[in-house]
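Dropping the structure in here first, questions after.
As written, the chains take the letters A, B, C, D and E, and residue 1 is the first residue of each chain.
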C-alpha cells in the first residue's frame, strides 16, 4: 500500500517513465517518415480516431473501476479478518471457564488453553498470508522477459522485499505446537486445516465442559467466518480479472497508440512546417496518459501479488497479533510494521 | 477461466480474427462502389455518425459491465460453496459424537457416518456442476448455423472438452450409496433432493442422539446455505442477461458498422485519390474494436456455458473434494485439475 | 422472459417497427419543408445538437441501467423465494416428528400435517404471483390510447396471455383447506395472512410438541424470510422507477428527435442537391436508435407487468411446486411451464 | 411519490417552466447585445464550451445517480419496515401464550397484551414518520427567498399538504396508553424510547412466563431490527448528499448556461442575419435540458422532505396498520391512502 | 459535514478561489507569450486536447465517485454504531435482572451495573472518535508547505477546531471507572480493549447469574458488532483511496491545465486580435472547473480527517450519549452539538 499523498516526480517516473522512451521512439519515427518521405497521404483523419480514443477511454475506465473494486474488496475482507479475530480473542478469553465443569481446572490450565487457541489463530493469519503470496500464472512476476524482470526488481524494492527481515522473524512454529506444525505444513491447504484443528479443540473443550453448547456454537460460528474470509481471499487470488477484459484493454490501448501519430501529425502540419516537430512531445503526452491509465488498472487488479499496491497483509497480521496478545495480558510485543520507501506491506 | 495474462496474437485471432474477414469484405465493397461509380453523394457526414458511435460504445460498455457482474457473481457463489463446504466438513467431523448418546457408538460407526455425509456432499457438488452445464436456449452452443458450430468446436478445444478424461473418472455412484443413487438420479432436480437426503440423515442423527438440538440446527442451517448457493447458480444459469439488452446491443453495433464506411470513405477521399484505399484497413480496425467489445460481453455473460470464460467449476469441486477428504484423514487424493491450452475448467 | 439469444428481424420490428413510421413522417416533413421553401436558414448547427445527443444518451443510459437493476433485483428476490421454499420443504419434512411428543402421532397424521403446511406454502406462491400482476397506474396496460391498447395486445400475445390455460388449472382452493380459502381470500392482502396462518399452525405444532422450541424458532424464521421476500416484491411493484427520471428521459429523447432533422438536413445539403434525400433514412436510423434505447428501459422497468420482459413467475412457481411435491414423495406432477413464442412466463 | 407514467405538459411546466423565463431573458440579452453592438468578437469558440458541457453532464449525471440511490435506499428501508412489522405482528400474536406459564391467563388478557404491543408498534410508525418530516437546514422548504417560498407552496399542493386531513385523524394517543403518551412525547427522540418501552414489556412478559427465553430473544431481535431501520432513515434524513458535490453541480450548470449564448450566437450568425434570432429558442432549450437535469437530482436527493418525490410514508404506515389490525381480527379498518393530484404520500 | 444547501459565493471562494490566482497567472503568461513573440506555431490543435479533456473528466469522475463512496460508507458505519448502541442500551437495561439469580440483588445494585456498562460504552464512542482523528500520512494536514498549512488553518476554522470547547468537557474518566481508565489508556488500541472489558463484565454477570446463557450470547453478539463497526472505521481511516488512482488524477488534471492555453489561444485568435485577451478569463474558467472537480474528490476521500467534509462524529456521539442516558432515566443531559460556520462536526 502506498502511503504518500502524491507520487513525487521521481516515483511517477520510476512507475511509468520507461514507457516514455518507446512512445517517443514510435511518435518520432512516424513524424520523420511523414516529413522526409512526403507520404503525406499517409495520415488518417482525426475525428474517427477520436471516437476510438473515447471508446478506449471508456473501456479502460471500466477495467480500472473493476480493478479498484477487487482491491477494495480484498481490503474489506482483511478488515473483516481483523474484526473476527478480535471477537475470537475476546470470546475465547471470556467463554472458556470453570462455570460448567464438574471438575475444577486451575487458572493456569485455563490460561494455557486460551493461549494455545489464540496463538494458533495468529498462526493461521501468517499461514494465510504466505499462501496468498504464492505467485499465480497471470501476475507480473510470472511473466517472461522485461515485464517479469521488472516486476521482480519492483517486488524487491517496493514490495514484499521491504519486509524480508520481519518475515524471517515470524515462525509458524512459535504459534503452533511442535507436532502440530509437522502435520499441518504438509496439507494441501494448511490454513484450512488449522481451522479444522481449532474446531477439533472446541469439541474437546465441550467434552471437558469448559464451554457449554451455547458458547461452543458461537465459537464455531466465528471459525466458520474465518473459512469465509479465507475463501474470499482465495477467490480474489485465484480468479483474475477476466483476461478477455484485461487483454483486450491492453490491445485497444496499443492500437490507439499505434494510430495516434498518423492522426496527429497532419493536424500539426497545418500549423506550419516547424509545428510538425511539436507534434512529437504532444503525441507522447497523449499516449502516456492512455498508457498510464492502462497500467494503473493492470498493477492494481491483483491485490496479493507482493507489489507496492498490495493489501498490507503483514502490517494487519501484526496489528491483530498485538491486539490479541494484549488481551492475553502480554506486554512484550513485537514492533508494528512501518512503511519503507513510502510503501506499507 | 483463462489463466494467461495476455492473449497471444494467435489466441486473439482465434477469438476474433474471423470477424476481420467479413469486415474487410464490407468495407472494401463500399470503397470500391464509391471509387468506381462516382456515387460521391453516397456518403454520410461523419459527425452524426460519431454520435451514434459514442452512444453505441456507452450501450455496449453497459452490457459488458453487466456481463462482468454476472460472471463475478457466479464466481462469488462458487466461492461461497467452497466456504460452506469447508464448514460442513469441519462441523460434521466434530459435531457428531457420543457426547449426548445413551448408547455408545464405536469409532468406526461414527467415522462411517461422517464419511457418508461428507461424501454425499461431494456428490452434490459434482451433481450441481453437471446440472449447470446443460445447454440453455440462449447459449452459443444452442444456436443454429456457424455460431453454434463454432461454439461446439470451441467447447471441445478450449472448454469442457479439455477435462473430458477427468470427468469420466468422477462417478456420482462413488459418492452416494448405491440404492440412493438410483433414487436420486431420477428426480427432476437431483441436487435439490440430495440436500433433502442430507436433511433426513441429520434428523436421524438427532433421533439417535448423535447430535443434539444445537448442533442439529447449525448443521441444518449449513444445508439451507447450500440451497441458497444452488438457487443462486440456477438463477444465473436460467435467467439470461435480458435479451432486449443483449440483442439490441448486437443490432446497434451491426448498424454502426453498416454505416461506418459511408461515413469514413469521404473523409479519406479528401486526403487524395490514393488515400481512399487507406480507409479500408482503418475502417476495418474501427469496426473490429466495436465487434470485439460486443463479443467480449457476449461470451462472458453466461458463466456456466462450458466455454473458456466459464467459472472453473471442476477445479473448484476438486479443491473442495481434496480439502474435505484430507479432513477425513485420507491421503490418497486425486490430482488437482490443471490448466490446459491456457484454460482452467 | 425472452428466451431466444437474438431478436429475429420480425420480432425486432414487432417491438419497435411502428416507431419508424412516425420517425419517417417527421424527418420527411422537415426535409420537404427545407427543400421546397428554401427556408434554408431554418436549420441548426450540428455541434450543439451533438452535445444534447451525448447528454441524452448518458441520461437514457442511466435510466436503462436502473431499469435493469430493478429487473435483476426482482429476479434475485424470486430466486430467494425458490431457496427459502426448498428450505421450508426440507425443514417441515424433517423437523415435525414424534421425538418430543408425549402422545404418539401416527405416520399418516404426521404426513397430513406436512402436506398441509407445504401445500399452503405453494398456495402462497400462486397468491403472491396474482397479487403482483394487478396492474398499477404507471404500467403500460393502464395507459390511455394507443400505448395502452398495444400493451394489452402485447400481453395477450407475448405475455401472461400465453399461459392462460395453465393458470386456469391452478386453483388456490387445491392448496388451501376449504374454510381457509374463504377466509383468506377476503383479506386486504391474502399472501400476508397466509403466512400468518402458517405461523399459527407452527404455534399449534409446538403446543402439541410435534416440534420443540429450537425447531419452532427456525421454522418461524423461514416464515419471516417469506415476509421479507414478499415485501421486497411489493416494493418493486408498488414503487415505480421515479417518474421524474422516467418522464424526463422520454421528454429529452422527444426533444432530441424533434431537433434532429433541422441539424442534419443542412449537413447533407452540403454534399449536393440529391444528398438531401439521403438524410431521411439516416436521420430515421439515428432517431430509431435513441427511441429504442428509451423504450428498452421503459419496457424493462416494471418486472411484474405481465409482459414479455417479466420475471417468469409462473414457471418458477411450478419449479418450486414440483420440487416440494417430489420431497413429499409425489410422482404425478404437473408439467413444467415451457416457453411459447420465445417467451417464458 | 409520483404515480402517473408521464408528466403531462402542464405538470412538466409547473415543475420546470419558470426556468424558461430567466433562460429566455439571459439568452435574448446576449443575442441583442451581439446584434446591436456589433461586439462580434464577444463570443467564444463552441468546441471548448462543448467540452465543459460534456464534463458538466457527467458531473450532473453522477449527482443524479447518487440522488436516485438515496431515494431507492430510503424506499428499501421502508420496505424493510413493512416486512419486520409483519413479522412483529405474527410473532407477537403466536408467541405470547399460556404454554410456559404457571398461572393461567385468560384469552382476553392475552389478547389485550397483544393489542397493546401491536398498537404501540403502529404508534412507533407514525411517530417515526413525523420525526422524519421535520425540515432540515438543506431542504428546499428551509431556503430563503423564492426557492423556499415555492417549496412551501409545492408542499401544500403536491406534498404532505395533500394528506393533511388524514394526518389530523391519526392520533398517537390512540396507539399508546395515555400515561405512556405523556412520558414518551417529551423525550429527545420519541421513536427510540417507544422501542425501549416495547423492550421493557418483553422483559415483563418473560417475567410472567408468557414467553420463554427463545421467544424473548427472537422478539427482541425484531425490536433491534426496528432500531436499525429507524437509524437508517435518520442517516438519510440527517446526512445530506454531500453539499460540496451538490453545490458545485449547481455552480457548474450555472456557469455553463452563462457561457452558452456566447458560444452559440456566432454559430447561428454564420447561417445568416435572421438565423441569429433562431439561436434564442435553441439556446433556451439546451439550457433548459441542463437545468432540468440539475433540478431532477436536486428535488430527489431528500426523500423525506414532504414533497412530491418523497417516499409515500403515510401510505406505507396505513398498509402496515391495516395488515396488523387484520391479523388481530379487526374488520373496521381505516381507508387506504390514495393518490391525489397524481401524488401518493 | 456541511449543512447549508449551497455554498455562498464567499464560501466557494474560500474553498477554491486561490486556485484562480495561479490559473490566471499561467493562462496570461501563455497568452502574452503568444501575443508578443509571434510564436504562433506554439499552439496545439484543439481536438486532440479535447479528447484528453474528456478522458481526464472520466477519470476524475471515477475518483470522485470512489471518494463519495468512501464517505457514504463511513456514514453508514457510524449509522450502524448508532443503531447497535441503542440496542446495547435497551438490552442491557432489560436483560440484566434478578430472574435467574439465586441470591437477590437490590435495585440499586442492578442500576449501578447497568450504568457502568452503558457509560463504558459511551466512553468507547469517544475513544473511537479520538483514535479516528489521529492524522495519517496522506491527509492534507500532514503535507508539507502551503497545502499542509492551509489544511491546519481550515481545520481550526471549519473543522474540529469548531468543537474544541465541547471536546475539553468530555472526559473519558467520567465514563470509565478510575482504575480502568489508567489501564485502558495505555493499550495500543484503547477502543479494542474497552470492548474486551465489556466482554469480561458480561462473563462476570453470567457467573453471578444476572444474565442467563441466551442473554449472554445476544449481548456478546452486540459487542462483536461493535468490533465490526470499529474495524470498518479503521479500514477507511487507515487505507487511503489507492494513491496510484489519486496521484494520477492530480497529474492528469495538471497536465491538461498545462496544455489548455496552448490549445485555446489560437482558437480565440481566429476571432480577431482583441479576442485573444478574452481567452484568458475563459481558459481560467475551464481550468477552474477541472481543478474544482479534482479537489472535491481530494477533500472528500478521507472522512475522518478533522475537516469540514468529515462525518459529524462528535454530534453522533452526543446523540447516542443522550439517547442512552434518557433510557437510564437521566434528565440533566448535555446539549446537542450544533453547526457553526455552516459545519457540523
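Operating definition for what follows: contacts are C-beta pairs under 8 Å (C-beta built on N, C-alpha and C of every residue); 3 or more make two chains touch, one makes a residue touch a chain.
Because the structure is a prediction, the values reported are computed rather than measured.
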Neighbouring chains shared between chain B and chain E, ordered by label: A
Under the touch criterion given at the top, what is the topological distance in steps from chain A to chain E? 1
Minus chain B, work out the clusters of chains still connected through touching contacts. one piece
Chain A to chain D, mean C-alpha position gap in Å, rounds to 40
From the C-alpha centre of chain C to that of chain D, how far is it in Å? 25
Multi-chain contact sites of chain C, meaning residues that touch two or more partners: 47, 50, 54, 58, 214
Linking chains that touch, what shape results: line, ring, star, complete or other? ring
Under that contact definition the chains make a ring. Starting at chain B and heading to chain C next, list them in order. B, C, D, E, A
Mind pulling up the chain D residues that touch chain E in the complex? 40-45, 47-48, 50-52, 54-56, 58-59, 62, 66, 136-140, 142-143, 187-189, 192-193, 195-196, 199-200, 202-203, 206-207, 213-214, 216-217, 220-221, 223-224, 227-228, 230-232, 234-235, 239-240, 242-248, 250-252, 255, 259
Could you list, by residue number, the parts of chain E that touch chain D in their complex? 1-7, 12, 15, 46-47, 50, 53-54, 57-58, 61, 64-65, 68, 71, 75-76, 79-80, 82-83, 86-87, 89-91, 93-95, 97, 99, 212, 214-215, 218, 263-264, 267-268, 270-272, 274-275, 278, 282, 285-286, 289-290, 292-293, 296, 299-300, 309, 319, 322-323, 326-327, 333, 336, 339
